[in-house]
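Once you scroll down, you'll see the structures, which are given as structure tokens.
In what comes next, subunit A is part of two complexes: it sits with subunit B in the first one and with subunit C in the second one.
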Partner chain A sequence: MTLDYQIDGPENEELTKPSQGGPLGADMERRDGRDKVTGSACYAAEYRPKGLLHGVLKRAPGTGAVRLSNAEDVGTIPGVRLVLQDERMIRNAAQGTAGEAPVQGVSKAEYVGQPVALVVAENFETAWHAANRLQISCEGASLPVLPENGEVDDDMQEEAITGEPATAFSDAEVFVDETYTTPALTSAPMEPHAAVAEWHGDRLTLHGSLQMLRYNRLELADSLGIEPEKVRLRAPFVGGGFGSKLGISADCVAAALAARELGQPVRVVQHRRQVFEVNTRRSETRQRIRLAAGRDGRLTGLGHEARVSNLPGEEFSEPVLQGSYFAYAAPNRLLRSDLVRLNRPAAGSVRAPGEAVGVTVFEVAMDELAGKCGIDPVKLRLRNLPEAEPGSDRPFSSHRLADCLTKGRDSFGWDDRPAEPRQRREGEWWIGTGMAAAVRVNMVMPAEARVRLTPEGRAVVETDMTDIGTGTYSILGQIAAEGLGLAVDDVDVCLGDTDLPAGSGSGGSFGAASTGTAVWLACEEIRREIAGRMGCDAQELTLSDGHAACGNDRRSLPEVLAGEPLSGRGKLEPGEALEKVRQATWGAVFSEVAVNDVTGEVRVRRLQGTFAVGRVLNQRTARSQAQGGMTWGLGLALTEGMAHDRRDGHIVNRDLAEYHVPVNADVPHLDVHLLEDLDPWAGPLAAKGIGELGICGSGSAILNAIHHACGVRIRDLPATPDRILSGLT
Partner chain B sequence: MQTTLTVNGTRHQLDLDPRVTLLDALREHIGLTGAKKGCDHGQCGACTVIADGRRINACLTLAVMHADAEIVTVEGLAEGKTLSAMQQAFLDHDGMQCGYCTPGQLCSATAMLEEARAGRASHVTEDLEGTTRLTRDEITERMSGNLCRCACYSGIVAAIEKVAAE
Partner chain C sequence: MRPFDYHRPETSNDALNLADEEAAFIGGGTNLLDLMKLEVMTPDQLVDINRLGLDQIDEVSGGIRIGATVRNSDLADDARIRRNWSVLSRALLAGASPQLRNRATTAGNLLQRTRCPYFQDIDAPCNKRVPGSGCAAIGGELRNHAVLGTSDHCIALHPSDMAVAMRALDAEVIVRDAGGGTRTTALVEFYRLPGDTPHIETTLTPGELITGVHLPVPAGDRQVYRKVRDRASYAFALVSTAAVLRMENGKIVSASLAFGGLGTMPWRNEEIEALLTGEAPSNALFDKAGEVLMKEAELREGLEFKKPLAQRVLKAVLTEATQ
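Moving on, here comes the complex of A and B:
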């Protein structure tokens, strides 16, 4: 039996609500933590089927027609089993939720670094050596790689105009008109993408490092030209994804093809430098922000125009404007985004696509406006909060930005700051504070889950949902424990296997709420069955401590089950709520930085985030998610950026030594406050997303604090010492 | 070539291609996959193991160079089912998310405490003569060779502070 439910409105009366003080929301140890601290958690590359062979991908050194000049010689190196060049190999990773093959082919390289061959050998050392010996050349006309040379793709244009923005801009009492740039960014999960492919007859089992198995299965089957039913994917542990593992990656298809051809299992692990090149990056952006306001800081007009890029054939455009549709009120609005086609590695979703760079830049512009108006930055934001979504007039499902701003301000001690920049100095260091609002759209995705109750009264949660560090094992166990009145230890959670019901997958901060709700529905289904057996209404049934009670009738679960297992299935579909309301998550980030007057170095001394993210499902794992996002904001502000070669577009700094993700010493203690926010439009759990919100304001809080500290306004990210120094006088 | 490796107290007789790194010997030949491969180039610290009491990047050294060493990996930190104090503190403070950097963080943190105890200085040590106090700055500096993209640094530092204070 399946309980189907879609979120059409705020009423979920027929469904049970979670209790207060139960397992849901508790600050609980990560339930897969033990496996992780003992080293027994098994990631994709660590499966070792008998006869495993090792494949190494080989990249195109240029663009154009690809030629392998010594493949035969390489094939004769002892231990080498195959030099594979197959037109079914994929050009780059599939986009999130694509559900079909990405662009395929190896005879033509469309960006430098495209995987164009696979060398398979009996051990890794031989495969690596042979891949290095393989000579590949590319020949073709040079392709556009600089945003200023790329052609605008008219089909990808986005534009929304409300009122008379041009007039508002020209009549503004106070006007900000600035252009900002953000560099291309990368997910850089610590686990490189990896696949172990094994065929049994015409059936493929692939252990992969993937975020969204229900879509990945379709993508892989389509790439190979086989039926999805013949593909089983497994990903019980995933070493981080951050968007780069939303779609299948080159290793999956290459491993599957080679394993088929050789009749032996094959493993392909991306080299760290390939992780940068062959998956998807966040597009660089150029953003012009115009803010027209009265002297009181009230916005009369706003403009947000963005230019991003992607490889020809990719449907994705970094949704830079996403937050600008609803963050601030202004009667006159101009939102516009263009995409240019460039032959750089493909762009796709990276943690908080859109807002990560769009909100970050917009919030710097708001700081500039506050300065021009002489208004406190928190007050400026409070003054411009909309009643309903501007443009569409849709109500907000819950609007907590003002709460976040004021609570964050008070706990940070914001009001002590001098209004003017360059007021506080400690030795060589300028000290300043800054803040920003954080907004992120909230999404729900289709999800299914099954919950089985064993005759002994233990529960098993089953879905192909992944835990990429997000805490899925923990929270789904807590949800089922809550729904069935069990202790969390009496619930097992099985994830990451396409043989199980299709969850939402992990991405876009929708995983916990979407798949979590499906688990809740599955429990509801079981409750209804138990209530039926007890002869009462599901609403009158109490499940607690492994017992079911209706009025005076109280029985243990084994008694109710009478030796038979019981299972329920929940199915969630996003409903009309999506259209009826604007649903989002809210936050405010405050920061204190020190800027060295001699070296231009920035040290973040404090970073505090106050977030309203729906129901918090596990305080401990939620806090970690928020801290992760905030650290990404710090990286975006200070250290991260991919450099593309100006001649051929290749990524110059494509490893962890040259692309600087924040390290321990870069990050202060991160202070996280989670505000309870039971959004009635978010289904029976009232949960929303949390993983991405932290990145959407933290970067700007730091950039604004830099300006407050030393008077330097950084508009080209990141704020590296050279850029700060050249502004310090 | 023939070589031996002593890992977590067990001696392994191995026949290895001389190009095999210590990391691959552990993961591929002995079957201890706790130590992770994040970059294979000494840039991330995911492969950190303890060799004769010192933390090293197992990807940057060849297996055959360690025939006489005592290697400890994350699998060797617990005593049977009892977690080490550091492992328990990582659980208590949620010093992990995806878990991929965690074995390296744990080995690194465990050996780092010994380094500090032995009086080895770091870049931020102010007094090179006296005993090393593991301040927050000392801990974050000494742990910066272990990247965590999930960014669990707050939890990692809290866990280490807890164990260091014991």
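Moving on, here comes the complex of A and C:
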């Protein structure tokens, strides 16, 4: 029995709603936390099937036609079993939800660092050494690697014009016209991408580190040229993904090919440097923002033009404009994005694709406008909130930005700030505050889940959904406990296995709401069956404390089940809601920073986020998600950026010593306020995305605070000491 | 990684006798092992010096002697060091992370290799790694690179914080050879500028072992270490300055200054010290010192910021040390 549900409109009266004060929403520690910190959670590379061999991917040191000049010699190194060069190997990881093989082939390298061979040996050290010994020559004309040299791909252009923006710009009483740049960024998950491939006849089982198994299975099967039914993927634990594990990765395909050829299981773990190179990075961006306003700060026109890049053959374009479609009202609008083709490592989704860099930059421009108008930055934003989505006039499913702005402002103590920059000094340090709005589109993806109720009255949740460190095990357990009136400890959760019903996968902040709703629907299906057995309507049934009650009839679940298990399946489809309303999540971030007048160093003293993200499923994991996002925002503002070599485009700083993610010493106490926002268009759970929202405003709150502190406006990210210093006098 | 032999001798003599031309001594291994995994360094033998009894800090006449395998964290925490050579303690604590400092040794820190990403990339030409192959850094992406003491063959930066403080403290390296002979060498003589042989970084010869470092009684009681980096911890210096000063009657009577983040070796410029000595502190004097420091700096694209940053930091350090 499957309960199908499509979100076509506001809440469905036939579906049960979660209760207040139940397991759902509670502040609960992660149920897998202990396994993780004690090391008993088994990650992909930790599977050790008998006869396991070890493979190492070899990178192209240049671009052009690839030749392996000493493969035979390397093959004779004791312990080496195979030097594999197979045209089915993939050039880079697949894009999220591709569902088919990405660009394949090893005879030609299209970016420096592309995997072009796999060396397999009896132990890792031998394979690594042999891969280092393998000589690769690349011959070909030099390829464009600098954005100014790349060719614009007309097919990838995005443009939306409303009204007459050109006139609005030329007639503006107050006008901001600035260009900003953001560097390429990496996902930097803690666990490197890894695969252990095992064949049983013509059936492949692959333990991988992947975010979206239902698509990854199709991508892997297509890459190998076999039927998806022959592929089983397992990923019960994933040590972070942040977009880099959305699509099938080079280690998986190479491990599967080698294992097939050798008739033994093969493990391939990406080296940290490969994690940077062979998956997908966030494109660098150049963004021109134009804001036309009256002296009262009311926007009459806005322009957001972006240039991003990607490798030839990739269909992904960093959706920089995504937040600009709906964040602010302005009758005249120009939104435009161009993509240039570059032979740098492939670009793809990195946490909060689009808004992470688009909203961040736009919110800096809004701060510039506030300064020019002499209006408080919070008031400026409140003055420009749209009634409906500009351009389309679709209503918002819920709009909580004003609430976030005012609640955040009040709890931060914003109104104490001097209006002008460079007013507060403590020794060498300039002190300032800044704020930004945060918006992020809310997405729902198809998802299925099964819930089984055992005759003893325990529940088992089953889906191929992944937990990439977000707390999925915990919240799905809470949802089923809520739906079936059980204690959370009476619910087991099985994830990360394509033998189970296909969940949404993790990505785009849609996992919890999409797969969570599928679990809720599966529970509803069970409720209906139980109600039938009790002879009442599902709406009249109460499930609590392991008992079912209808009126005066109250029975224990084992009694109702009478020795037979019960199973329900839930299936969620996005539906027409996507068309009928603009659905988003909302936030406001406030920050206080200190800027050193001697060195240009920045210390973030306070970072406060107020977020409206639908129903909060678990206070603790939700807060952690928000804090993680805010930390990303801090890194985006202050420390992170890939350096591409100007001659061949390769990533120069491709390890975690030289690519600077924030360390603990950079991150202050992160103050998170979650506003309950039961969006009626978000299905029976009213849950929405949370993971990415924190990134979308935090960086600009910090950049704006830097300006308020010391008067230096940073338009080229990140705000490293040298960039701030060049503005300090 | 390339196969190698591993020895763990009990005496310095045994260590020296075991080590052949291609051997490397290993202390904490925090840098060497990383580079071996990358096959940037490929010694055929590792001779572990952790059992040679070189882990003591001893007061000796005229100063203090720090054993080669004293851990960075132990050295930073030593009460005598914190009292009389505080600039060293501060420099150590400004480097790396607690986990790394718990392993890293005194001698290993002196000998740590550059963080130049092209040096660490076996697919890139590098005169330091493969003599004569060229320098990929020149014309490439620069940030952690040197602006002083560079050559057309190499612009690799010496990354140590500890060695900067030691340079300001007039440290001497104690070296023992296979014949049992011992020599001491001032740091300025110990390090070599890259010139056209950037692969030869010190005057240490094969068959020699650093057994310790001698620090004389410091010439100044006013000691400051200041480091600027791209994040608040666990990053190499964009610029750092160590100062050891003595003041009498409102005048600087002794000044010893060393710099990190600038040179191909821990940098010191006696001209600045001569300029400061005998003078009363003033902004004009400190500005002049900054001019002298960066007079010969080669500011390649991406490194222009080092000049103003180094000058501002020097001025702030001198101001702090003379107040």
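As a convention for this text, the second predicted complex is superposed on the first by the 729 of 729 C-alpha atoms of A that agree within 3 Å, B and C clash if a C-alpha of one lies under 4 Å from a C-alpha of the other, contacts with A are read in each partner's own complex, and residues count from 1 in each chain.
In this section, a contact is a pair of C-beta atoms (placed from the backbone, for glycine too) under 8 Å apart; a residue touches a chain by one contact, two chains touch by 3 or more.
Keep in mind that this is a model prediction, so the values were computed, not measured.
Applying the stated contact rule after C-alpha superposition, one finds that A:T720 touches subunit C and leaves subunit B untouched. Contacts of A:P61 after superposition on the shared chain: subunit C is touched, whereas subunit B is not.
In the superposition on chain A, A:A665 contacts both subunit B and subunit C. In the superposition on chain A, contact is made by A:E428 with subunit C only, not with subunit B. When the two complexes are overlaid on their common chain A, residue A:A657 makes contact with subunit B and with subunit C alike.
Judged by the touch definition given at the top, the superposed model places A:P680 against neither subunit B nor subunit C. In the superposition on chain A, A:E125 makes contact with both subunit B and subunit C. Once the two complexes are overlaid on the shared chain, A:V598 sits against subunit C while remaining clear of subunit B.
Contact with neither subunit B nor subunit C is seen for A:G391 once the two complexes are overlaid on the shared chain. Residues common to the contacts of subunit A with subunit B and with subunit C across the two structures: 125, 129, 657, 662-666.
Taken in their complex, subunit A has these residues touching subunit C: 59, 61, 125, 128-129, 132, 428, 598-601, 603, 638-639, 643-647, 652-654, 657-658, 660, 662-666, 720-722, 725-726. Touching subunit B in their complex are the following residues of subunit A: 29-30, 32-43, 45-46, 48, 123-126, 129, 187-192, 237-240, 242, 269, 271-272, 468-471, 620-621, 623-625, 627-628, 630-632, 655-657, 661-667, 669-670. Residues 17, 19-20, 24, 27-28, 31-41, 43-44, 46, 73-75, 77-78, 83, 87, 90-92, 94, 96-103, 106, 136-137, 139-141, 143-157 of subunit B touch subunit A in their complex. The residues of subunit C lying in touch with subunit A in their complex are 1-3, 37, 39, 115, 117-118, 122-123, 139-141, 143-144, 228, 230-235, 238, 305, 308-309, 312-313, 315-316.
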